[in-house]
């Protein structure tokens, strides 16, 4: 039930730059997309040598790698693009904390894609982006269509994407990823709304468990977006060799989106916390209702039973011989019960249905 | 019940600057108000071309746009005023986080108007303001009289508004919007006060639900004002090309109002949190009262019923044949009940009415 | 019950500098106190013109205004001292957030006086101080003796007050106001101590309500002192044209007092929060006690009643004809009750008085 | 029960530098300890004049004042050492917030000694230290041996103390005071551990009260150490005329101790907060247990009593005349009781002893 | 149960640099590992003199000391490496707060190794590292294999370790220690997951106690890692004489790991706090269930018993003589019971098994 991001970390004390390729990882699929103002050219590369052969042309080259499951290929790519061993480790040993780091030959952007898994669980995938002067090298953990919208935009050539440089491409990728958080958070918000209805109708421990899962997922969102916002904020303020001022305006927009996402996540977390109170209050109200029924039943019948017990005693009781003894006893009992019911009515313990109606009216 | 600000965002991966005009959006209505020291001239413009024809005169021109429901008009306006595609996106794809951004040709101020909806719900509308050297271009999401007080001031010409520049007009608009938060927060404060009375009188889960709504609305206020305060604080400290030092003094005043609003919202949030405790305590006190009634009734009558049961046994019981057996048995029972009642009285479980009176006295 | 600082704000969209003089405000009373090393001269001025006539002499002039209920007088004073319309608005449209602002002709200090109202409620009054090169202009919302201690010191001439400049006088006023927080916070602390005793003796919802009031008052203190501390800290660090370095040492002392007050308020808030827990725990303990009595009574008598019921059945029961049947039945019942009582004693549910004694001993 | 640091403050509005010598304060005892590399010379001074006569020799002079109960002596000392009136006020009007302030003639260090009072209460004493170029002037509120360890080190002459300057002596005093926090916090930690055992054994409201006291004492520690850490951090970073770089290394060590103390206090506060939860959970578990006993007893016997009641009715009931009617009725009752007990056993409500054992096993 | 880091601190007032060697401390074992590009040479040194004889060769020398139980050896080592007395005190008087400090001759890194003890307890060991120009001097509190992975890497000579300087070795040690936090935090996370299952199955006070232990251990992790992150962040930003820029890139990686660890710890703390709510909710649900059984049993049988009591009265009751009186009475009782059960069924108090199933379905 409890899902904490678990780091696939090397054995303690192994030397830095050690890559921990998990057994279930898929072998890399490499697409090389080269484009300039005039056209796009997309090829599949089998290994790093093929990639190298496709570099160096004027325009922008996007090397998209899906799957990190074959160490030699990754190391060869690392050599082609002169990637620092630690940067390569960050790409493979996922999950890393989202961050933006400057290296002499390129800018490294580590970012995280979130997807809903099951109803309210989250699955995170890391996307690592190297931004060089005329290339973008992106790594995804698994095969998937995460970056397809960007590819489509490159192919269609609408907007400034084909006229701008590698930094704009990196921005487009990052923006696509950040925009992908909106549906995730909306889904969690809707799950929260559904859960609220269910809790109002029938509060149970399972609902609280579900609520804890949503809270946990929201906290994961928060922890995923916050470092991204910080890193972006730093990049926007300080700039970088590989990001032109023109693209910084666009990154500022992505930064705004991150800030807004954090706001929405916080709003949802507040709602979730309020729902815990509602839940506890409803459970308390139910206990109260149970108690009231018990108290009313007991208070009404116990005295009556006592009266009946008195006339069941084997004493010589004068009342027993009265003509209207029996009806009189019944009348006393009825009076007694009526008095108790009146007392409870004045206390407002009867007719909780009316109570709710009054509650609704306002 | 749960209302989270939902962003009308473009499809994931669409290119930046994509405008998402919702189906229910109203077509723009454009008013062009030109004024200087000597007079005011207000016209309705049908499209961007008409607006362009009205620009360029000495004095200040205020182009007020209500409704963002027609993309070509917006794009045409964007071209007339050389608006960056991302800035135009911010205007249309609401809600954006309140912010103040510098562009080469103008300053963009994104701000949020709040209105009470229903009893304690909130409805937010975005107002976007472009401040150029001699014009102000304002966009409202929907038709409405939000900015009418400013228009009236321009027409009446009292105060410095007709003598000052476009920056003062922008300040006047912003100040009007921030002042509009006061009645909203006061309404929420009064709803809180009414709710307190109701909770003191009859605590029920519906009240807690209402309390959660108020808390949620207060949190929304907090999240609406805080970024506005930050953006204003930055503008007041750092200045801008389009804001004269003279107007910065006025903006400092608006900044003070924002800080005060945050204080009042925080005070109300504290009160709401205290009310949760009061609520839980009252529910607990009610359960306690129910329990006491049950305990007193049971403790008094169960022993009596036992005594009656004893003399209902079919043994040869000597007491049954005593002359005063029956009255004696009744006397024993009465003594027994009296002793129990005395015990409860000494414990202070009887007469909770007196208790409250004592409580009130201090 | 809920008291939030409510701002007397102008209508939304009114032009800045609009003064909102409330109907119940008192007309201003103006005292002009002029002093130098050699003597003091105190006069009452009827209007701004009289004030103007009394200015310009060597030495320090203190213009003390009590009551802000007459707009023309305030505007005339504003003209005499060249007060910015926004600054004048801050003086009249109370409450403002405490702050210190520099204007070309003077320094404006907005501060707040707190007084206990009723038992634990708070009443705030704003005092606004303009510090010029050779004058101090102070405004109080209402008539009152708040600043009399300073006047006495001026008249008595002890200490450096008559030898120092206008900035020292402003410091003396500010210090008097900050010192006035000590008795308020002590009163709240004592109310908290009394409330603790009462809650330990008899916890009831009224006590919690009172506790919430104290917490609310403490939060108001916190919100009143904190911005004062920030503003003072800024003034002490950055300095000002109208404050000599010599007086900055004194202001540092006032700053220390503010920091200490915040500490004491925080300590009291911690205590108040702890008291909520104590309260809830005591209520829970009471419910527990009620439950125990019910359980013991029921568990002891219900089996006995059952035994009596068995021998009340109209079967041919052999025991009924035994010679010692009745005493034997009673003996069985007594044994049964004894066994139950022993069981409860071993569980520690009897003799809760001893329990408490043991609790006290340690 | 509630102990808040109460400031012995002057009447509101009294002039700055006013000393408030409390009635119970002890008259000052002055020790003058002069030392250099070669020897130590300790004398008792009756008044400020005697102190003045003992100054000015090469080496370091430590004037230790215990008790602040005689204003003329303090004022005379103030004149001898050219102490600013506000600094003298800080020495006498205790408690002040710990702080470090630079004056032209010396550095003032205000610090706080904490002692356990009763079991878990705290008593604070202020120690004020003036560090001049060749002297240290220290003030303690009351007579006491707080600084004796430093005196012993001066007399024994081990370590660098006799070779270093006045700043090292001030460091030694400060370090002794900060080290004195360790036993206090350890005592509170042990009181917390003892309290935990007691709460696990028998949770009662008194324990919660005690817990609140410990939490309050821990908060006082926190508030005592934090400003000390801040002031020291500032001194270590910025330096001072009266503190040599060599001694700054030592002060960095004291700063580390402060940071560590804050950590330990925070750990204890976390534990105390966790204990509140444990307490509430245990009380809830007890109520649960009481409820279970009641429910089991009632559920078992109420049906039986009903059956007995049926056969106690005076109808012509055929079963009454069966040969084995009575044993059959008893058998039915036993079966009924057995079935109920089986039901409760399957629910796990019986044998809570086993439950705990299972709990312990893991 | 409560385990707070307890400082082995010197007597209050002892002179700085006093070493407190605990009685149970083990005498130091010293390994001297010298290496360069060409080879490794590991020797055991008996005392500081032997160590001194092994220094001064080109290449890097790592002096690894395990156990701090012999003061003369430590003091002698301190003299050989010119360690400041306060730095030596930091090495011996453990635990110190993790920190990084610059001394003229070397950089001191104080760090903390955490190990799981028992199930969820933590044991901390301090490792102190001095980084000189061509040597690393490391101290461990106890004998142990903590640093063996680094030794292995030096011996194997893979990666850059043998070609880099002393700073890289220090990084390798630090990285090994920080990596050692991952399994600890994962163990705590798994203990939390196991505990959650147990609480869902059978909530008891022992579980809450265990939960508090885990929370306490997580807080210890947080307090162990946070100062390490701060100190590393400072070192990475500001640099140091003894750390080359090349190694700073590696330290930035370790810094990322620290930031990630803090994230994971925070996630686990959130989960633990959510579990407290779940626990309390489950306990409340159980009480509710107990109450329901009691209420149903009482409400069904008490009225029946009353009816039976009525016909057990010794009045002349006409019904007693009816032919079908007895069956009619039984029928009335059955109807009565059936009506009550129907009422409870409609309230949803029966068949809580179905309820859960419904809960699971969604």
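Lettered A, B, C, D and E in written order, each chain numbered from 1.
What we mean here is this: contacts are C-beta pairs under 8 Å (C-beta built on N, C-alpha and C of every residue); 3 or more make two chains touch, one makes a residue touch a chain.
Keep in mind that what you see is a predicted model, and the values were worked out from it rather than measured.
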| item | value |
| --- | --- |
| Chain centre separation (chain A, chain B; CA means) in Å | 25 |
| Inter-centroid spacing, chain D versus chain A (mean Cα positions, whole Å) | 41 |
| Junction residues of chain B - those touching two or more other chains | 280, 284, 287, 291, 294, 298, 302, 305, 309, 312-314, 317 |
| Chain contact graph, described as a line, ring, star, complete graph or other shape | ring |
| Direction chain E, origin chain A - full chain order round the ring | A, E, D, C, B |
| Contact footprint of chain D on chain C as seen in their complex | 148-150, 152-153, 158-159, 161, 172, 175-176, 179-180, 182-183, 186, 189, 192-193, 196-197, 200, 249-250, 252-253, 256, 259-260, 263-264, 266-268, 270-271, 274-275, 277-278, 280-282, 284-285, 287-288, 291-292, 294-295, 298-299, 302-303, 305-306, 309-310, 312-318, 348-349, 355-356, 358-360, 362 |
| In the complex, chain A residues that touch chain E | 1-2, 4-7, 9-17, 84, 86, 89-90, 96-97, 99, 101, 198, 202, 204-209, 212, 215-216, 219-220, 223, 227, 276, 279-280, 283-284, 286-287, 290-291, 293-294, 297-298, 301-302, 304-305, 308-309, 311-314, 317, 319-320, 325-326, 329-330 |
